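Note that the chains take the letters A, B, C, D, E and F in the order they are written out, and that residue 1 is the start of every chain.
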């Protein structure tokens, strides 16, 4: 694919007890590298999109290892800044059945939190680029990161580059109020918004609207989404719908609203190996189909099937082929392995 | 929590093929340490109860390792006797789906089977103690162990300490007849009895009683349990109800009868990582709530949710927080790990 | 059991990423040895049948390791030829839930593909033997392997040895047309045919027949199977029926047609650890019951339960006891492991 | 042993690539918990000394896990403060042969760095205590930690408790100048000083002295050590001597100066599995022998043999028996394992 | 090779912490199966000798697994008795450098200890057999095992079968006095005796003899060994000489005395992965060369090189080729692996 | 570094039993990807050189995984051809002490063996390139590979690109005679030749020359190397000298001859984790220093230290920093990891 993509965000070291172990008595942690925008970059590169990552990694062996992950799938890391004290880290205990997952963050004071615009040649970074993606997590990292993200979004907008934004609200990183302030600063640059209806209500303060009947989650989009579109003038609002049966079984689907029509994907029942990165797989699936100029229906089916597959793959990134994603949403069935 | 608990029982080395492997071609065994009363001690200590373990461990490195397990969660092992030939051992092959689990015992001639009252300072052990717990497994280990358990129960009773007893019938350890004789010897000291209706019928020989209609397992408690209460004068009869869908999926609930009312917990569908110790987690959950002077409804909900969580945790012990247990039975939902 | 069995086929090295990992970033592969006829030999030997394997393994350490696998369960490997360039190899990525399994073959130019009748003393191999088994995979390996299989089948038939044949069609190994030619060459020697209705239609070109109503898969056997029997005069046609719910959950049953009556097994819902070798476990289960002169109902119940258990066991072979298989189809329930 | 010991320091999470892997492509890290004073506490508790740990651990699962490590060997953690943002962490890549080890610290902003005297009941902590141990690492963690350490040392001195101090200079934590200022603040309270001659020269600024002939490292103690003693009036100066042959082979010995005589231990050639904690094993070995009122010769032999054994044991702590240490320095030879 | 061998002894389950871990905090144990005479049987079978194992294994999955080990290398297990309570077990902590190995036995009350002659058809077992091997360990297991061993040795002698005996004294199994009584009972049947000079002195009570000068260990064989030969009339006395540099480095050689001449092997410096079974590899190496009618020099060189290689191979058994052994003692050098 | 490098060769899947296990009973194989010229490319890219790999990988998941390895260290794989049947594979059993390593090749019929010049745009590949490297292994793969290598070398020479060639003779791949013919075809294009004196004597048939005295291996270079230079007019002949003490200990050094002077590196004693790729690390070390226009002494010291470090790093590639290499040959000593 000819179109180039840039993403901006923090690269994280993820440490997780193997198998179904708990933190308390685990004698080893599995090592993965990820982060919302890094995952989108890796997922897209894996699907053949020319992708460039903008981040800041510490100038030590763990920074090297994190970037090795991105490079291994073909992401261009030549514009990554190096420096700062430490790699952002999180510890993940993966839940099972009735037992929830647990996450401990250790990302304060990270290399990326000290990011500055002087570390990047933005014009060179955006040369030949079609789409820029960033998420609310980057905005939440630090004031410096928020400022940088805003600059990238503004510049992209000015250069006619499509701007994609995933709300990705994390209550452990900022309050609803801070998120509201931070996100409002950047929404004017956004073309494609990945968000759920609660994000609009809780963060943007847009009321659900009259006429909504609560029994069907999709009903709300007839009252709420048009109001969002009116205010922010997005090209697309894209949402996933997750029904949590247990920590290891979810129902999953997605829909896209283009201001006029809603396209709704199939719903899947998925057993979960690792759900981290499934939201990013949803985003990267949608953006891949968007860049390929497919129909809205194809876009949302590709996004949902991509996200669903991610749940079955260890690690943060969704290493699947276009063919695997299509086979899934087209219902072609299972290869039995012989 | 200020209340102190003492448990008495055998500490066992558990060896199990990793993952879903079978004994026949496994090249390693995972090592855990447990045993019914040890599990109750560790579970309670983990929840913050001051707990003391009475057992006998061999004076070798495996005895050290077993006690290290108990100490690591804060159990007081200062009254543990050391000596004997070997650590009691069992080999566990964990079943999956249509394939059953398998257990091989190698606990005959163990250190604990040679236990004697001369090895323990019972008065010191019981100083400041509120509750003593033991199970039928200890009674079945050897005549020496039965005698010791009886002495501990009798002494506890005399000192006004609540006596908790789990029938825990194991057909590989003793016959129904021997169990009947052994258990009858100690029931007079028991305040809280953990047992199922089959225990009462098969071991104590109490008939189900007229008026019972078999379609609902709870029905039997209207005819059978009052007769048990009349005879043994327990404060509580506590029972779990397990519906085995497959080796890796069970339905699980519990109920408690206080001589007057029955409180019944929610029923859970649970996928199983490791069901060993779930009965002990039920017991420890109940005792924790009992020591906290909670309502009977809270007691049984805490017990059942505690047991259900155990199925998702590798090893014999239920390393959960009070908060996790409460969230489960209050239906607060799943933390998705971010 | 006194009856001796011979099987002929390629022994393969199987390499698979551990757990639920994908090929792309796996840092180790689990090692197993198998192959359709090797699996049948090992499964039967494990059940106590005197079994002899005929194959050709490379004269190197991997050939030694492959034969060690067969010997470890008691298979007689004294007639195995050694030589050729390499061991046939396949790479298996095990699917999970919505994600399919993947297989990559690297078996062309294998030791077994260069097999020749001069390497075997057929009369000695068949001494005292009751049953000979081979599958379509062996026929597909190479012209040399097809010729050898035909010679073994013809010789067995002449010696009054029961000939068992599993169609085992593999589209990655030969076309339907080549399979049709190859399989037709040998069917005249076959007593017991393991095949599905699609094999008869697609490979043998026998039409479904009138009167079939498609809603029930078993219906087809009233119209199709009698025609097959008429043409080939098998003693038994044995088929499994697999309903793929997901890559990790299947519904599974089997039936046998003896030319007159159909016996249908129970249907099982099975969670899957490793489905490779389940077809061979079905075959070996049937043959075991056949050699034991059991009823047709017992044969198919044993076959289906045997196959179902295989799905829960890592590796290609079905290391189960007769007791485990019987307990499953008799519905005796689960040993809870204590 | 009746004598009680208190140590004060930071508990750290250690993460290290398994085997001989490097950071860059390691897919898991082994988990250990340690820290200089924690190691001394665990080593002493393991040898049977009643030991109490004073530290501050975060109130999360990693804090729990770290304390579980200390408790598992019998260390009393009942006075540990909980709170702060994160557990201090370090990443260790273990060298081999010509390849050096690498350490990355991520301990800034740790829970312990925010320690305050208000979090501890010092009088209760020191009740019945004979010896207090701390090292220069604690002083270097933060001004708050230095202040707390000084307070503990001063209080111990006032209460007649022996004060043990290990210089443990870490250039990654503070400069020589800062170390000089910090260490000078506390030396007046010290009875037993663990330090090398370079510590005295570089940190305390005491010149080597005339008459030293450089060919023998022990020679320097005739000129330098008496001057140190004169100034600081220690009871003992204890030093280890390490000759680094390669990252996996060292020569190791120790000596102790009591102001009058020097006792020198045997020199050992040791192959290295894990040298982290060997200095702490030297310290704990000496203190164990000191508490047992042994001869100075025994003290230093026990210290050196203890340290040497540590190099062969994975993890930070020296889990050995008194018998193993004595057998080593008495040259009793190797048990061949049968 | 046409000659058949029978060995008699206990098959053991060996459990050992992986890598260089200690028992105390190991979370898994590696599983191996072995035992002195089982090792000799497996080693010989691996070299192509037709070998039959006589033992008694419990009729459970661990018994199956143990026999699977023997079968996997081609040992005939068709005469193995099944029954008894448990498999003999030992726990091995492998030493490293200055740290000794540790062994804990749990073999009392094992299946083999209850062995009886009624369980074996001795005539059938010895049909066509050239050599019978047993060691002192079998004699030490139980009075029943000693009686059985004596019967096998006596019968072998009567049938003209060469009797090989390895003293294999284990102080954890019997006292020197009991060993003396037990071994004296059987020495009259022995043709080939594997023993060291201390065995003759300490167990048989034969004095070193005059004229020996202690500086060279081989010197003693001029005074002691002729006296042994005179009394017991062995065909060969075979001894290994081990110089323990550390737990992971030994010097190793061997020599054989045929009553007239001594042949001495090369001495090797060997780094140790796993020294268990090296004595058995020495024995099997000698017996292999003996059965091949080689020269005495070849016999002892083959024995020593075989034993030396064993030290580098994990597990109890010496899975090497004749070619590898010969290359080692012929000094052909190292294949660099490309 | 501005200078660009191209290497041409086969990318291989390497499978090796973990730890010190043998093939026969290993239940998993570690996965690495390498190959002589791939290793040089990865090593150089890791040191910061802009490096491009030319190879052909199968269009399947294992081909993807192999390229992921190269990409992860920054190698440009955009010119890699995809297709062919399978990935070249080799199985490596790593020796230890007295036990040799073993290699089994399964690379015949590999994707790379079917390489053709039509699959590559040579002019584009060489754009801006300073140095081209290939080894004798590529020449030995197949006639097609030899032809391609010759074309690349010829083209490079014509374009003024430095041509580097490593003899890398592999007796398992071609005979000395075939190697002689193949290598002679390309030597006229070579500027830098990596070869040992035996390569010149055995492959090129150049006699040692008079005046050589065999006691010092370097002596031969006074008689032999000038003759080689005279005939082939290389810029440099670079040789390593390896003294194999055991499979896990080597002495290693290198020297370079520039037609006039010999520069000899230090000699190192190195303990070996994984010696595969050490020759490539020697080559890449030399080329790195060559591209940096360093002195000949620096070049050979960097090459030797680079190779020596490789022995301590698992896998085929030498992931070290310039700083680590320099510290080693400058003798700066060991970082003790704190």
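Points worth noting:
By our rule, a residue touches a chain if its C-beta (ideal position, glycine included) is under 8 Å from a C-beta of that chain, and two chains touch if they have at least 3 such contacts.
Computed from a predicted model, the values in this text were never measured in an experiment.
Interface of chain C with chain E: the two copies contact each other largely through the same residue positions, with over half of all numbers used appearing on both sides.
With every chain reduced to the mean of its CA atoms, the largest distance from chain A is reached by E.
Between the Cα centres of chain A and chain B there is a gap of 45 Å. Among the residues of chain D, those touching two or more other chains are numbered 19, 22, 24-25, 27, 68, 72, 93, 102. Across the interface of their complex, chain A is touched by residues 15, 18, 22-31, 60-62, 64-65, 68, 85-86, 89, 91, 93, 102, 104, 106, 108-109 of chain D.
Taken together, the chain D residues at the contact with chain F in this complex read 19-22, 24-25, 92-103, 170, 172, 244, 246-248, 275-276.
Residues 68-69, 71-74 of chain D touch chain B in their complex. Against chain B, the residues of chain C that register as touching in their complex are 72, 268, 270-273, 308-309, 311-315, 319, 324, 327-328, 333-338.
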